[in-house]
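These notes open a run of structures that come right after.
Shared between the two complexes below is chain A, which pairs with chain B and chain C, respectively.
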Partner chain A sequence: MFLRILRHEWSTLRADATLWVVAGVFAVAIGYGVWNGVRWVEFQTRALAGAAAEEQERYDGLRQRVDDIVKTGGQVSPFADPRSPSNVGGRLGPRYAMLPPGPLAPLAIGQSDLLPYYFRISTDSRENILAATEIENPQRLLVGRFDLAFVVIFLYPLLILAVTYNMLSAEKEQGTLALVLSQPVALRTIVTGKITLRAMVLVGTVLVCSGVALALGGVDLASPGIGLRLLLWAGAVAVYGAFWFSLAALVASFGRGSATSATILASAWLVLVVMLPSLFNLAVTTIYPVPSRVEMVQAMREASDDASAEGSKLLASYYEDHPELATGDAEQAMTDFNMIRVAVNDDVERRVRPVVARYEQQIVAQQAAIDGLRFLSPAVLMQEALNDLAGTGTARHRHFVAQVDRFHAEWRGYFTPLIFQRAQVTSFDDVPRFAFEEEATGAIARRVGVSLAGLALPAALMGLFGVSRLRRYPVVG
Partner chain B sequence: MVLRIARKELVEMMRDGRFRVLSAIVLAVSLVSLLAGWKHYTDLSRQHETAAASTREQWVNQPEKNPHSAAHYGVYAFKPKSQLAIVDTGIDPYMGVAVWLEAHRQNEFKYRPAQDRTAVQRFGEMTAGEVLQVLLPLFVVLMTFSAFSGEREQGTLRQLLSLGVRRRDLMMGKALGIAAALGLVLVPSVIMGVVAMALTLEGGLLAGDPMRAVLLVAVYAAYFAVMIALALGVSAWAASSRLALVILLSFWFTNSLIASRAVSDLASALHPTPSAIEFQQAMQADLDDRAPVQRRLDERRAALLREYNVDTIDALPIAFSGISLQEGEEYANLVFDRHYGRLFDLYDRQNRVHQLAGVVAPMLAVRSLSMGLAGTDFLQHRDFIRAAEDYRRDIQRILNGDIVRNQKPGQVYLAGRALWEEVPPFDYEAPATSWVLAAYTTSLLVLGLWMAAAVAWMLRAGATARVD
Partner chain C sequence: MLEATNLTKHYNGVTALDSLTLTVEPGEVFCLLGANGAGKTTTINLFLNFIAPTSGTAAINGIDVVQQPLETKKYVAYIPETVMLYRNLTGLENLEYFAALAGRPDYTRDQLLGFFQEVGLAGDAADRRVGTYSKGMRQKVGIAIAIAKGARSLLLDEPTSGLDPKASNEFSDLLKRMSDSGVAVLMATHDLFRAKESGTRVGIMKHGTLVAVHGTDEFGHADLERLYLQYMHD
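Now for the complex of A and B:
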């Protein structure tokens, strides 16, 4: 019977132009979305390749200069000496710490257009290093991208509602519902059949179109965890769809007319997808305001003024903290510019840390609030899930910055002893390199799993409630 | 007759439960967004003022040092908040807040506030501007879609026309009635906005630029007029209320949510932005090419030696090192102007695509104008970037000039507070309103066009609409 309903629905839907218009619009939007995503990933890849090439070229140049100096035994200014650890660790030899686009990056641009995806690591202060960003037209950042995630989060539910809002009311208004129900078939079965078919068409369109577009755009199927990610992505699309289908079923079970059902569903979409997320943003930025970074700029400046003023005193106390670095002629070392700089940097960072922590704290508080609030809006849940899967969300970026922090410490740990021993950089191959460690797929799956559960639970509740209400559905009148 | 119809429409709407619920929601959301906008504005402008004062303090309190060391120390410029950012924050969250003005280099603005927020901000800001641009048109659609078709479906249209009511009067009256209802919802917000702005200004409301606020209100009024006329036209033209609603909702969705993103991607495909690495490398290559500076220095050296009739630069009564520094600056300035100029022109071209695309989606024209009048658009950021950079160049000129006059060969020259105070504090004045309007003529034209077309279409649809 169920199959017969499916077949019947299919032939009626097929004859209706709405479905084809909807599917056509959808396919075009998906194609455009993926194309934009793929272009953005290509842009990032090109920029990263450019950075890597620049670094390679610079290091080749350094090696060449060292060879020249050694060969000719020529004198070189201490400020330009390519063997000086202070120069190499600072101006001459920075290496890039890069965040490569994740395997499913074209699917959701997320925060990746806003948060920097590479840093130039040197002995400079952490805050200066992290302040660098990709250049972009600010208006473009404001508007956001037309990527697949946008199509899925905004358009997909609307299309679902467009093909389901009158699935029962239209039959009732045309008088065919009573006719159908005169047959030995439950209303529940009919509704389930109608939804199943529509879900197959729409979910299928998203999955097939984006799959094809991705295959054309080039996704590395060999990257680790890709299978699980793709599976979760398909699951997210299905569960998000299920949420909206259940909502439609619930509203249909009220037995109202087509116009009223449409109004209720459109309002629900507007509130859940457009208004709540913006209001959440307004709420968290008002309750946990992050002060303007101008305060941090000024604090850094004051700290560095103070630290520079007492540079040599700082060096003395630095030696107290790091006796292992004190060489025999510590007396003379006091005057050594580079050593003072290390001590000053260290001190500035210590003074600025509480200021920076204030920003971090507010951002973390905002994120925690959103992590709670997101269960009120399927759109926010879906956004987090898609960003996590694409690796363009805040979590993966934090993961990257944490690694950058460790690498920065390693970098300093490599150069500082050399500076204090007044040694030279002998081999550029020993200069630390950054390698991004991808987030564990398990961790992503857990986070995405929570989001999906947050979508699935209300979907199941609404669906069950809707279906159970159908028993009291006013078939006529 | 028009007024009588308008009054009837208004009274009917006020008695409608839907209207009361919707207007309560709109009113609440716009008040909340205004309040939040006001709070953000006061917080941020206080922080920026404090920072600006303290960067000045740091500058004048520098210990004695060589002027060029001071040039390297530099100052920071922080963009002051425009007052109408309470209504429309525009690109403010996506533009760096601070730029370091140092010797030899035009730096980029750093620290975009948006980077300190969660991903949810990408759904939108819910500023008063967004309420006006996105939510209110929807409100108009929901209030208007059945205004004409409803009369037809209830059979009252035939009665009306049989009384000799002119169709033109009917349409105008309905439009006016809906506009009045919308006004009722908006007036409290406008009053609150004005009060909020008056509170934030020390010299009272007129200390700001009231012209901008007035024009902003006019732009939104024009936008709502377009939406009302369109919705009424569709209501008359469509075969049923239901069809009118579907058409209008699709238009609303395309206009307020799809168009801006689609156009943004299109604009960047037409005018691709370079990556930061490409940009920096190209600029650095030009900066590293010292030949032009060298040539220029050789000329000046020869000229000076001739002028003072000496053999070596050490014998000159002025310090050549200062001249050399300044020549380096002048050359670098040309490079910066070329590269940043090209980049910013590119952004302008991308943003112009948005303005032009207003022909398809009037919201794009309205948003450009709204950000422009609020002073939170890219053009005015660019003006601030220019002002900050001019200031940086002034500082270099003053300091290098001092070196030229005072540094003696073979001696350590230190300058003090007197010189630091010679550098005036950075004072930025936002461009005049007329400048903004001139920059957005395209959007103004587009909005005017929409207005004329929408009203014409409404009247035509009313004139040719079927009676039943």
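Now for the complex of A and C:
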């Protein structure tokens, strides 16, 4: 019986122009979204490859110059010496700390076009490298780019509503419902059949198109945890769809006319998908404002000026903090420009820290507020889940920045002793390199799982309530 | 067999049907007459469980329609004023779907075409989209669905209103054939002529109450009209 209803729904839906218009719009939107995603990942990949090539070329040049100096035995200015740890660690030999595109990046650009995905690591102060590019990045909740995630979050519900808003009211208005319900079949069986077929068509389309996106976008299907990510992506699309189908079923169960149902559903979409996310955005940035970029730059500038003016004094206190770096010749050490610079950078970092801390604290507070508020809007839940799965969300970026911080410390840990020992860089191969470690898939799965539960619960409640209301559906009148 | 026992329906304090007690035996054609709003359609909707009774019971084949709605609908067929079908599907596809819903998904194409012939629909109509059908053709599809279902009771709500006399006559013939085969028929109608022609009993309703029941063999056409108008005056 159920299969027969599915087959019937397919024949009537197929004969209706709405499905084909909806399918056409959907196919074009998905195609365009996927194309955008693939293009953005290609752009990122090219940029990273360019940076890697630049670094390689620079290091080849350094090696060449060292060879030349050794061969000719010629003199070289201390400021241009490619063997000086201060030069290599600072101006000449920075290496890039790069965040590769997320495992499913072509599917959701997410925040990856807002957040920096590579840093040039040197002995410079952390804030010069990191925070200056990061500060006051809007924590955008609205999707900026037209990618597959945008299509899924914004258009997919609209299309679901377009094919379901009148699934019962149209039959009632056309008069077929009475004839159907004079047969030994429950209204809930009919509604379940209608929704199942529509869900198969729409969810199927999104999943197939995601698959095409992955194939075109050159996603490495062998990378660890990719199977789980894909499974969760499919689950997210299905659960998000279920939310909207349940909402449509609930509204249908009230037995209002097609026009009323359409108005109610369109308003729900507008509030849940468009208005709430921007309201949340406004709320968190108002309640937890981040310090302005101007303030940050000003703080850095003042700190730099103050620190530079106190150069040797700072070096003295630096020695107090790091006695292990002290060498025999204290007099000469106190006038060494490179050592002073290490101490100055260290001091700048210390002075700017309160501003940075305030910024980071606000960002954490914003994120925490969003983490709570997201349960009020399926669109925000879905956005966070898809970004997480694609590897283009804020969590993976924070994970990256933490690694960059560690790498920066490692970098200075390598060069500072060399500077204080007035040693030379003997082998460029020993200069630390950055390698990004992907987040544990288990942690992502847990976060996404919570979001999906946040979608599934209201979907189930609306669905059950709607189905139970169908018992009292006004077939006539 | 259709049975109503003290069947009552109030809408927001207005009595649409008041203590209707009525039995339609197999082979009987019971015609409900009455003005608009007399409670004829309410009676039929109560038998179909489309609305819930305020009190009393409606039963089909001795089974209460509120307690076992799906079971009772196995035995009853419904033909509204206009049989509304899926306009984008062919007549045959509609018949096949409704037969399947009725619990008969096993008919072959030939069998389904046989039902079309039985109700006098031309062979080429079966494969035409229902959107192109006339009202008379739709009503015949309604009968074909009832036959395919093997329904033992038939509920009709002004099925011949708006039909031309020939179509109306053909429809009545079909009804007669069904009742001859032992189907219990309850029909709401305004058509006194049809009621006298194809009915075995007529019941006159007024303001939700069944005020009179007569056998159609008790009087001629003119008598029925006079009787009807007599009840309508007051």
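Everything that follows uses one rule, which is that the second predicted complex is superposed on the first by the 463 of 477 C-alpha atoms of A that agree within 3 Å, B and C clash if a C-alpha of one lies under 4 Å from a C-alpha of the other, contacts with A are read in each partner's own complex, and residues count from 1 in each chain.
As a working rule, a residue touches a chain if its C-beta (ideal position, glycine included) is under 8 Å from a C-beta of that chain, and two chains touch if they have at least 3 such contacts.
It should be emphasised that the depicted structure is a prediction, and the values quoted were computed from it without experimental measurement.
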{"item": "Partner chain in contact with A:L115 - chain B first, chain C second, else both or neither", "value": "first"}
{"item": "First, second, both or neither for A:F154, with chain B first and chain C second", "value": "first"}
{"item": "Partner chain in contact with A:S182 - chain B first, chain C second, else both or neither", "value": "second"}
{"item": "Contacts of A:V284 with chain B and chain C, given as first, second, both or neither", "value": "first"}
{"item": "Touching partner for A:R4 - first (chain B), second (chain C), both, neither", "value": "second"}
{"item": "Which superposed partner A:D16 touches (first chain B, second chain C, both, neither)", "value": "second"}
{"item": "Intersection of chain A interface sets (partners chain B, chain C)", "value": "none"}
{"item": "Contact set on chain A toward chain B in their complex", "value": "32, 36, 39, 43, 46-47, 50-51, 54, 110-111, 114-115, 131-146, 150, 154-155, 158, 258-259, 262, 266, 270, 274-275, 277-282, 284-286, 289-298, 301-302, 305, 309, 359, 362-363, 366-367, 370, 374, 379-380, 383-384, 387, 393-394"}
{"item": "Chain C-facing residues of chain A, complex", "value": "1, 4-5, 8, 11-12, 15-16, 174-176, 178-186, 475-477"}
{"item": "Of all residues in chain C, those that touch chain A in their complex", "value": "45, 48, 50-51, 70-71, 73-74, 76-78, 80, 82-89, 93, 97-98, 100-103, 105, 142, 145, 149, 155"}
{"item": "Parts of chain B lying in touch with chain A, wherever the complex brings them together", "value": "29, 32-33, 36, 39-40, 43-44, 47-48, 50-51, 54-55, 58, 63, 76, 78, 90-91, 93-98, 108, 110-126, 130, 134-135, 138, 241-242, 245, 249, 253, 257-258, 260-265, 267-269, 273-279, 281, 343, 346-347, 350-351, 354, 377-378, 381"}
